[in-house]
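Several structures are given next for inspection.
Here chain A shows up in two complexes: once beside chain B, once beside chain C.
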Partner chain A sequence: MVVEIEPSNIEREFLLEALEKGIRVDGRGIYDYRTLKITCSPTYGLVEVQLGQTRVLARVTCEVTRPFPDRPTEGLVQFNADLSNLAAPGLDSSSGKPSVQEVAVSRMIERVIRQSRAIDTEALCILAGEKVWSVRLDLHFLDHSGNLIDAASIASIAALRHFRRPDVTIDGEEAIIHDVNERNPVPLSIHHTPICVTFGFFGSNGDLMLVDPNLLEEQVQVSSFTITLNSHREICALSKAGGVPLAPSLIQRCTQIALTKVDDINDKIQEALMA
Partner chain B sequence: MSRQELISPEGLRVDGRRANELRRISCRASVLNSADGSAYYEQGNTKVLVAVYGPREPRNRSLAQQDHATINVEFNIAPFSTSERRKRSKGDKRLLEISSFVKQTFEGAIQTAIYPRSQIDIYIHLLQHDGGTLETCINAATLALVDAGISMMDYVCACTAGFIDETPILDLNFVEESSIEVPNLTVAIMPRNGNIALLQMESKLHSSKLEDVMELAVEGCKHIHRKLDQAVLVAAKDLADKLSN
Partner chain C sequence: MAETKVVLPGDIIDTSLDSDEEESSVLRLGPGVAQIDEQVSAVAAGVLHSDNEKKQWWVVSNKRRYVPAEGEPVVGVVVARHGEGYRVDIGSAQGALLPLLAFEGATKRNKPNLAVGTVVYARVAVANSVMDPEIECYNSHTGKSEGYGELAGGFMFKCSLGLARRLIDSKAPVLNALGSGIPFEVAVGLNGRVWINTEAPATTVLIANAIKNSEFLDAKQCRQMVKELLEKQ
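Moving on to the complex of A and B:
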């Protein structure tokens, strides 16, 4: 098994000393994101997000399936994250069992989008109890340079908003699915756009805080915290597990900072989709 | 889907509790003979059994860490735990997620540095499922680790809270938890300094309400801490009696 390369002690010390003075190794401000670049391809639902060196490709596809018998009028939304050796050494995808990181990222995205009901699943119904759309979101991590969750959430939302499904007309009991060339495809109905913002904590009590940790910072941090907000200032998910326990007041502060970040990111997604 | 009324006009919840009331908690340490530490924990109708083995030599030499202990958590849901019998595979993402949350929480709570080159195993079995899986797992695991005599910074006490009809509610049961309109917040604290070891939330909650809901959950954690402390005391007295006889 390939072991992830840990940063050397001198690198750690340098990072921490700089951080105490309010300087980050890559020259960013404490609460700054790395450069965010969202590229929408001509194919509907294919979006690549670059957050600094971290690259994530999101692909949305759909097909017609039969709904679950207990929810005859609801379409399906499926999530899949693929974190392979391609993205970073030390990620082991050969064993068949999903890795801890893979589970964490895909479950987080699933919780963020499904549990907060970001997608209107009832709008995916074609014929109740017979046919519904099944939307599938595949996330491919191309380059891991820290903060996969934020990049994945941005890519997911952008891809879902970029996606168009074929139009359908209903004629009695029959559904006609129109070819994309025949009739303009329609966008998914999306209620709100949750975006994850991740914080890293440093120092023995976790009192040094920063936004969007890169790979080196992620390896040195003592704790991390992800908050997911939408543009209506609603919290869609919180996640903090492991690491040094944090004071409750820090969580409140993170919420305030995340609120402004989410607005910026939503604007950028809007801009990329318009282009 | 028709919306079920989760709080009656009299202010009572589906199981007859008030908004800020916990379910009945009963717990016992040292319930298994072969394990180094064990605990049985009931919170309402959610029941878990935890066994702790270790610190012991790692099964797999490559897992041994030179400067701290490795913690291994296995979480299992019994097929008979819900009204509909269902067997889950070992690779179920939800099971893996819960076990990784428990693992990460206790990595921060156990003083792993004093057990180098060893492994601590925590096996959790959910026997009956009525909501609050993660909170009961953490509480039961804390009790079992204390029973095993493993050094920890402090207890880790977890509790859930939600928000229905403008009121924060404590300790969600299965019906409340599965309603998609109810936000589900799980908090685990270290009671001595009140710091947050774990925080998970699902569904939507307005950011201005977070403080109230979290405060309520933290109150619940403190109550659970007292319950766990009593159980530890009972187990210790029991042991002392056995030693003196």
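Moving on to the complex of A and C:
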């Protein structure tokens, strides 16, 4: 089994030394996001996002299922993340058990999209208590160069917005699912588009902050903090798993920075979907 | 050399020589080329090179996973210390063994003491498919370090194996262009790791980025890029 290799001492020391002078190891500014490239394929719901060297492929599919008896009018949304050693040699998926990182990313995405009610699940209902759409989002991580969560959230939102499901007409008790060639497929009903922005903190008490940590920065950071905002400037989720404590003023500052980033990212997604 | 020829694994290579001295034709097959049955075929994807006079064939390919080969310089990170040596990560499938005595002037009483996480510049001493690779930080014939040993300070970054192989050439355009503008130290490992050291972190970052960006640039573009970077500084 391949064990993830910790960064060497000189990488760690250099990163901290440079960061104290406001320099990042990849030459970016402290608050700079990496170059974001969103590619929509001709297939509905298939989007690839490249954030620097990190690459994520998101795929949305749907099928008709029976709803849960306690929620007869709500469609289902399922999430699945696949983080194998395709992305980085240190990751191992051969044991069959999902890795800690994989679980962390897929739960974060699930929380961001499902619990913020980004998708209108009632619009996925075909016949109450009988038939609903089940939408499935698969995330494939193709290359891991840090900040998987942001890349995954952008890919998920872009793929969900890009997706079209077959149109349905209801005739009494019968539902007719129209073929894509027969009738134009319809987009999902999406209430808002939550986007994650991750911050990394360095130094003994986390007083050095940066946006969009790369792989080395992620390995050296003492704490990370993810803010999820939508285009209406609403906070959808906050995530801070462990690490050093952060001052409330710092979190407010992060939110301000995240706001501008989310606006930029939403514009990029819009641009990619229009193209 | 004639026009560039790109080969894929399985491609049969025509080894018939241009000259008529066919009788003593002992072929030398380099990396990426192997004899399969009666034919010579490529086992790696890349550009085929040949030297008709020496009857050599080899494929220059680009990968990211290092496979150790004897005599190659590598940059590794110490991951563990055992009784008889260090376990060093050189990016290969198996960690390499660095014996305690494989340093300049090392004796049983006077051994170097490297902490876990230390970066070393070493030469691959043993590399075959059935044993863990072994590396050494000195020339075992002369007993001199010849530049190998612990790399203190500076910064290390990863690049593709193809780029590393081009950087180790003393005529590497990007390193020459940078060297004429800024003083810096560099150690290139053929395992796709490059160590650099300068006086200021900003310069180190600049050089690291210049080297990484040079991957798909030719000599002229490299010089232009370095010129622009130095002006911006």
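Please note the rule applied: the second predicted complex is superposed on the first by the 275 of 275 C-alpha atoms of A that agree within 3 Å, B and C clash if a C-alpha of one lies under 4 Å from a C-alpha of the other, contacts with A are read in each partner's own complex, and residues count from 1 in each chain.
Just so it is clear, a residue touches a chain if its C-beta (ideal position, glycine included) is under 8 Å from a C-beta of that chain, and two chains touch if they have at least 3 such contacts.
Note that the coordinates shown come from a computational prediction; the quantities given were computed from them, not determined experimentally.
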Room on chain A for both chain B and chain C (clash or fit): fit
First (chain B), second (chain C), both or neither touched by A:Val100: first
More chain A residues in contact - chain B or chain C: B
Which of chain B and chain C A:Gln252 touches, first, second, both or neither: first
Partner chain in contact with A:Met209 - chain B first, chain C second, else both or neither: neither
Which superposed partner A:Ile5 touches (first chain B, second chain C, both, neither): second
First, second, both or neither for A:Lys21, with chain B first and chain C second: second
Smallest distance from any CA atom of chain C to any CA atom of chain B, in Å, after fitting: 10
Overlapping contact positions on chain A, where the chain C interface meets the chain B interface: none
Parts of chain B lying in touch with chain A, wherever the complex brings them together: 1, 62, 91, 93-94, 96-97, 100-101, 103-105, 107-108, 180, 183, 185, 189-190, 193-208, 210-211, 214, 218
Chain C residues within the chain A interface of the complex: 65, 77, 79, 89, 93, 115, 117-119, 151-157, 195, 201-202, 204-206, 208-209
Interfacial residue positions of chain A with respect to chain B in the complex: 1, 71, 97-98, 100, 103-104, 106-107, 111, 115-117, 223, 225, 229-230, 232-248, 251-252, 255, 259
Partner chain C, residues of chain A touching it in the complex: 2, 5-12, 14, 17-18, 21, 23-27, 89
